[in-house]
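Order of writing sets the chain letters: A, B, C and D. Residues in each chain are counted from 1.
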Amino acid sequence: MTNSPLATPKKTIGLTSDNIAGVSPQILQHLIEFSAGDATPYGNDELSLQLDRKMSELFETDVAVVLVPTGTAANSLCLAAMSPAWGAVLCHPNSHINNDECGAPEFFSNGVKLLTIDGDDSKINPVKLAQRATLKIGDVHTVQPAVVSVTQATETGSVYTLDELRAIGDVCKSHNLKYHMDGARFANAVDALGCTPAEMTWKAGVDALSFGATKNGAFGVEVIVLFDTSLKNEIEYRRKRAGHLMSKMRFLSTQIDAYITDNLWLTNAQHANAMATKLREGISAIEGVELLHPSKTNIVFCKMSPITIATLHEHGFEFLSNRWGDGVARLVTNFATKAEDIDAFIAVLAASNK
Amino acid sequence: MTNSPLATPKKTIGLTSDNIAGVSPQILQHLIEFSAGDATPYGNDELSLQLDRKMSELFETDVAVVLVPTGTAANSLCLAAMSPAWGAVLCHPNSHINNDECGAPEFFSNGVKLLTIDGDDSKINPVKLAQRATLKIGDVHTVQPAVVSVTQATETGSVYTLDELRAIGDVCKSHNLKYHMDGARFANAVDALGCTPAEMTWKAGVDALSFGATKNGAFGVEVIVLFDTSLKNEIEYRRKRAGHLMSKMRFLSTQIDAYITDNLWLTNAQHANAMATKLREGISAIEGVELLHPSKTNIVFCKMSPITIATLHEHGFEFLSNRWGDGVARLVTNFATKAEDIDAFIAVLAASNK
Amino acid sequence: MTNSPLATPKKTIGLTSDNIAGVSPQILQHLIEFSAGDATPYGNDELSLQLDRKMSELFETDVAVVLVPTGTAANSLCLAAMSPAWGAVLCHPNSHINNDECGAPEFFSNGVKLLTIDGDDSKINPVKLAQRATLKIGDVHTVQPAVVSVTQATETGSVYTLDELRAIGDVCKSHNLKYHMDGARFANAVDALGCTPAEMTWKAGVDALSFGATKNGAFGVEVIVLFDTSLKNEIEYRRKRAGHLMSKMRFLSTQIDAYITDNLWLTNAQHANAMATKLREGISAIEGVELLHPSKTNIVFCKMSPITIATLHEHGFEFLSNRWGDGVARLVTNFATKAEDIDAFIAVLAASNK
Amino acid sequence: MTNSPLATPKKTIGLTSDNIAGVSPQILQHLIEFSAGDATPYGNDELSLQLDRKMSELFETDVAVVLVPTGTAANSLCLAAMSPAWGAVLCHPNSHINNDECGAPEFFSNGVKLLTIDGDDSKINPVKLAQRATLKIGDVHTVQPAVVSVTQATETGSVYTLDELRAIGDVCKSHNLKYHMDGARFANAVDALGCTPAEMTWKAGVDALSFGATKNGAFGVEVIVLFDTSLKNEIEYRRKRAGHLMSKMRFLSTQIDAYITDNLWLTNAQHANAMATKLREGISAIEGVELLHPSKTNIVFCKMSPITIATLHEHGFEFLSNRWGDGVARLVTNFATKAEDIDAFIAVLAASNK
C-alpha cells in the first residue's frame, strides 16, 4: 500500500466531471464515527431507520426512501417499478437514462422502451409530451406510455422552471402517467431556482425522485425518494434482486445523514454553481469563445478554437471536448472547485484569444 | 446528526452475522487518505488500474478483476456472463445464490434456472454432479447445464477440501461446464485449509471467483476475480447495465488495496476462525449443548434448550435461533470479535447447562 | 411437394405421446370453411369475438379468453401476469412447467423462481403447500410465493380430486396466492372425475386455466381461460410482446370453436381415456408386467422386461421407455387411438410374458 | 358452430392489410393431406426434416431454418440471438420492429436497445449507418451496435435496391455487425426487384432472414432462414423457451412446403404487386388524389379528400386512413385481391374526384 494519495498529479485542474472530486469532509467525518462497532445489517440499524423521517422533514411531506450505491440503480429501479413490462418511458433524447446507462432502464424493467420527446435546452416540451401521450393508447401492438422521466438539472446544465415541471405534472395526471425525476444534480437545480425541494418535486406532481449525492460530495450513494410511498415495497424487493441492498447499509446512511445535515447538500451545490457562474462570466467577456446552451448550474458548454483547447490542456486544465461537436468543450465544476483555479482558467483563455 | 455513534447499545455482543461488524482500521485509514483530491472516475484512476496486477500476484496467475459493491452482484454477474439464456446453474440446495438473493441470479441472467445438487455438509457431491450433468443434454425442452457454482466456505461453515474442489473441476472439464466459486467467506476457507488462494481456485479449475471482503472488514466491496480473463469485457458491460459501476471507483479500490496489503484479508479471517474455534471448543465441553454441522470456519451451529437461548439473550448475546430447527442457534464470529466476549458467552452457556 | 402424406409409415402404432396424432375431422372441416375470404385480423373477426361468450357458457361463469398457439405460451403468460418479478411459483417437481419448457416460465416473467412442493402421484400436497407458503414471508432476501400452479391431469396420468383442488384453493385464499391450472389434458381430467369444467376450476378457486386443445385433436391452439378477468389486459399486451398474437387469429378461433361445439373436447378425451383403460385392464391381467403410478387418464406407466420392450418395438409399437427408470415404459393414447391396436398391443405383450 | 363462414359480409372489399386475406388453396390442400395419421412431434417428422434442404435449394446455399408461428417471433428470436444483452439493434424509425411489436425485440433480448437510423423512403441510409456504427465503440456507458435490421419490402412499400442492400452489408462487415432482414413481405420485394432470393440476402451479406408467409397466403407461419447456420442451436433453445416450438410442427411445415413448391410464394406476391400497380396506375390518372411514398410492392399510400374517403367507405371499400396524416390512406393488396375490385375502386375514386 503506498502512503501517498495517488489520484491525478497536483498540477492538473479537473473540470471533466463532478464525479472526479473527492468527498466532503463532513461526510468523511461522519463515516469515521460510524466505522467501528456493531450495527444491524441491511438498513435495520438506528441511523438508517431514521432516514425516512429526516427526508420527510426535508421534503415537507411523508416520503419513503431507499438507498442505493449509484444513480443508474436509483433511476432504473424507479422506472422498473413504475412501468408494466409493456410500458414506455417518455424522456428527452439528451437524458442520461437514454444515453449513458448502457441500457440499464431496459435491463431492470425487462425491456421497457424509452420514447424520446424533444424540447429546447434538453428539456421535454410539455405540449409535445401531451401529444405523444395520446398516441395509440390501448393499441396492443405498441408499448404504452407509463412514466415520464425528467432530468433536473439537465445534462447540458439547464433547469426546468417550476411552471414547466408543473405543466409536465399536469400532463402526467391527465394521461395517467407516473412522474420520475432524475436528480443526479438535484441540489444544483434547487439552488438555481431558489425554490424548496418540495416545490420542485411533489408539489409539481413528481412521484419518485433519484436524489443525487455522489456528484455533490458523497463517496457513492443516491436516495430514491418516494412521494408515492406505495412503491417502497416493490422497489425494496427489486433492489435486493438487483444486488443493490448493501449489507453494511449504515455506510450509505451515514453519507446521507451528513449530506442533509446543516444543508450540506445545498451548500455544496451553491459553491459548484457559483464557480460555474464565475466561469460563464469570465467566458462571456472573451471574444472568440462562445457560450453554448443556457445553463444556470455547474455545467458550462462553450465553443473555442483548437489552439485554445490545446493551450488550456497544456496549462493543466482537464475537460472533455469535441464530443458534442467540433471545438465544443464541456466544463463541470464541483463542491471542491477553487475560485483561483477558475481565475487561472479564464486568464489562460483570455490570453489565448487576444 | 447525532455526535455519538448509535449502532447497537454497548452491552450487546453480536454473533448474528459477520456483516454486523464495522470496518478494519487499515481499510478506513486508506480510504481517508484517498478521500480528497481529484481522480479519474469509473475505475480509470491509478489505484484502480493497479488492481489487476496486484490480484494477479496474490493469485500467482494472470487474472482480470471487476469490483462491485455487493456479493449478490458479484455472483449474479458471473453466472449471467457464464451461462446462455437457456442454461442452468448447478448448485447446492443450501447455497446463498439459491436461498438468500431474492432471485438475483435469475434476474441478472434473464431467467437461468438453478438446479440443486445435494451433498453432505452443504457441499455438492461430485458424483451426483456428474450424473446430473449428463441428463437430457441437447434436449431442447430442458435447460442445459452451463455453470457449477460452489460456496467456499459454505453457509454452514464447512469447507470443500482441495480434492473435492478438484473433483468438481474435473466434472466441469468433462462436461464443458464453467466453474464459479462464491467466496463471500473465501479468506476463512483459505485459512481453514491452510492452502494458497491459487490452490483453492484456478489450480482446481475455477473460472471465476466472487472474492468477498465485506464480511471480513470492508465497508462494502467484492471482487470478481476472473481466471478466464476473456469474461472481463462481457462482465464490464453487464456491470454498468446493472448499475454497479461506481463513478468514484477509487473508493471501492482503496478498500481492496488495503485488504490485500500485508495479508489483511487473511489475518482478519484467521482471527474470526480462531474465535469460532474457541467457541466450538467451549461448547463441546458443555453437556446439554450439541454442536451441529462440522465447521472449520467462523460459523458455528449448535442446539441448545429454549431456556439457554433465553438466558444468553438476557446477557446481551445476540444471535439467530430456531430458523433452522427448534433450538438450533447460529453463531458467527468476525474479524473484530473479542476473545473475552467468547469467554463470557461460554461461561453463561456453561452456567445455564449445569 | 409429394402427393402422399408422409407421416410415419403405416405399420407403426404410436403410443409415444398424444401430440403425435393428427387433427379431429370436425376441427379440420371448420378450418376449411373459414379458410377463404377476408376477416379482420388480430382477433377482431366475428368468430373470435364470440369466444368469450361461448367459453363463458361452457364454464358457467363470465370468463375472458386469450388464444395462443402453444401450451408453453399459455402457462408462461399466466404465470408472468400473476407474479411480481420477485415472486415464486409453487409447483410439483414433476410438473411440465418445471421440467419440459426449457425455462419458459422464468423467461416470460424475467426470472420468477419455481419452488417445488412434493406430493404423491405428481400432485402437490396441500399441507406441505400451506407450510411452504408461510416461510420467510416479507423477507426481502427471498422470493415471495405468488402463484400455485397445478397440472390437471398430471404428467403421470393421475388426477387431483375436487376435494384436493379445493384444499389447494383454500391455501391460496388464506395466503393470498394466485391459482393457476395447467390443463394441457384438462378434458381427460374432466372425464376422469365426471365433473363439470366449472367444478374443476373456479368453483375450486382457480384464477386462470391453460385449457389444452392441441393434445386432444387440434392443430395447435390453447386457450387461456381467465376466471379473474382483470388479468386479460395484462396478458394481451404480454401475448403481443411475446410474439403470440396471431394476425390471422380466426385460424386459432375456428379450432376452438369446433372443439367446444357438440362437446368434441370431451368426446375426444373420453375416447383417449377409454383406450388407456383398455390398456391398463389388459396389462393388469398379464403377469410380469407391472402397472406404475395410479392413472385415470390417457397416460399409462408400466414396467416390463427389456425383451418385452424390444418385442413390442419389433411389432411396430412406438413408445418411450427407460427414461423414467430401467424398464419403465410410458404409453399414451389419444383421440384417434384404435381399439384394435390396443388389442394387438396386449396380445404381443401377453405372448412375450407367457 | 355455424355452418356458414362468417368473416366480413360479402359486399365489403378489403384493402386494410394483407393479413385480412384467407389462405392459398394449395396451402390448404397440403394441410388437409397431412391432417390425419401420426407424425413425430417437434419438427422431427419427415416433412419438417426436409425443409433445411428445400430452403437451401431455394436460396442456392446451405441454410438452416427454424419455423415459428408469427413474424414478431421470427424477428425477435433473430435479434436476441445476434446481440449481446448490452447490444443495440440499428433500424429505421419506420420499421415494424420499432413501432408495431409492442417491444417484442426488447423482451426477447432482455432489453436490447433499438437505435434508429434515418433515411428516405423508410430505408436506412448506409452513410448515416456507417457514422452511427462508429460512435462510442468500446464505451461501457453505452449500448454497443450489434445488429442491423432492414425491412424488405418496407412498411411504406418501398424496396431496397441490391446496391443499397450490399452497401449496408459492407458497413456490417466493416463494423462487425450482424445483418438481419425482416422479410414479412420478402416475396413482394423479390418480385419488385426481379432478382433471386440469394441476391437479396446472403449475396448482399445478410446473416438471418425472417421469411414471411402469413401475409402472402399461409395460415400463420414464418421461417427464420439462417445463412449463418451457427445460430441455429441458440435460436432453437430460445424458440422453445419463448413458447414457439409447436408440438405438431408438421402443420407449420406443410404450409411452408406448399408455399415454396412451384413458386407459390412468388406467384402470390406477383399477383398482389400487380394489383397494387393497377391501383397506382388508376390513381395517378385521377386529379385530386396524390400518390405518396414511392412503392413497387403491394402497399399504396395516397392522399385524398375526406369526402372521397367517406364515399369509398360507403361503397364497401375498407382501408385505413388518417393514421399517417390528414387524408392519407393506405391501400394494401394481397394474393387474393381481385382485379375487378380494383377497377371498381378506381371507378368510385374517379367519380368522386371529377
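In this text, a contact is a pair of C-beta atoms (placed from the backbone, for glycine too) under 8 Å apart; a residue touches a chain by one contact, two chains touch by 3 or more.
Bear in mind that the values here come from a model prediction, so they are computed numbers and not experimental data.
> Which is it for copies subunit A and subunit C: same residues on both faces, with over half shared, or different residues?
Counting which numbers both chains contribute, over half are shared, so the two copies meet through the same residues.
> Which chain's centre, taken as the mean of its Cα atoms, is farthest from the centre of subunit D?
B
> With contacts defined as at the top, give the pair, A-D or B-D, that has more of them.
Pair with the higher count of C-beta contacts: A-D.
> With chain centres defined as C-alpha means, what is the inter-centre distance between subunit C and subunit D in Å?
33
> Subunit B to subunit D: how many Å between their CA centres?
52
> Could you work out how far the Cα centre of subunit A sits from that of subunit D, in whole Å?
Subunit A and subunit D have C-alpha centres separated by 43 Å.
> Using the touch rule from the top of the page, what residues of subunit B touch 2 or more other chains?
85-86, 101-103, 107, 110-111, 140-141, 237, 240-241, 245
> Using the touch definition up top, name the residues of subunit B that touch subunit A in the complex.
1, 3-8, 12, 14, 16-17, 19-23, 26, 28, 30-41, 45-47, 68-74, 76, 101-104, 107-108, 110, 214-215, 219-220, 237, 240-248, 250-251, 257-258, 261-262, 336
> Mind pulling up the subunit D residues that touch subunit A in the complex?
Going by the criterion above, the answer is residues 85-86, 88, 99-103, 106-107, 109-114, 140-143.
> What part of subunit B is in contact with subunit D in the complex they form?
42, 80, 84-86, 110-111, 140-141, 144, 234, 236-241, 245
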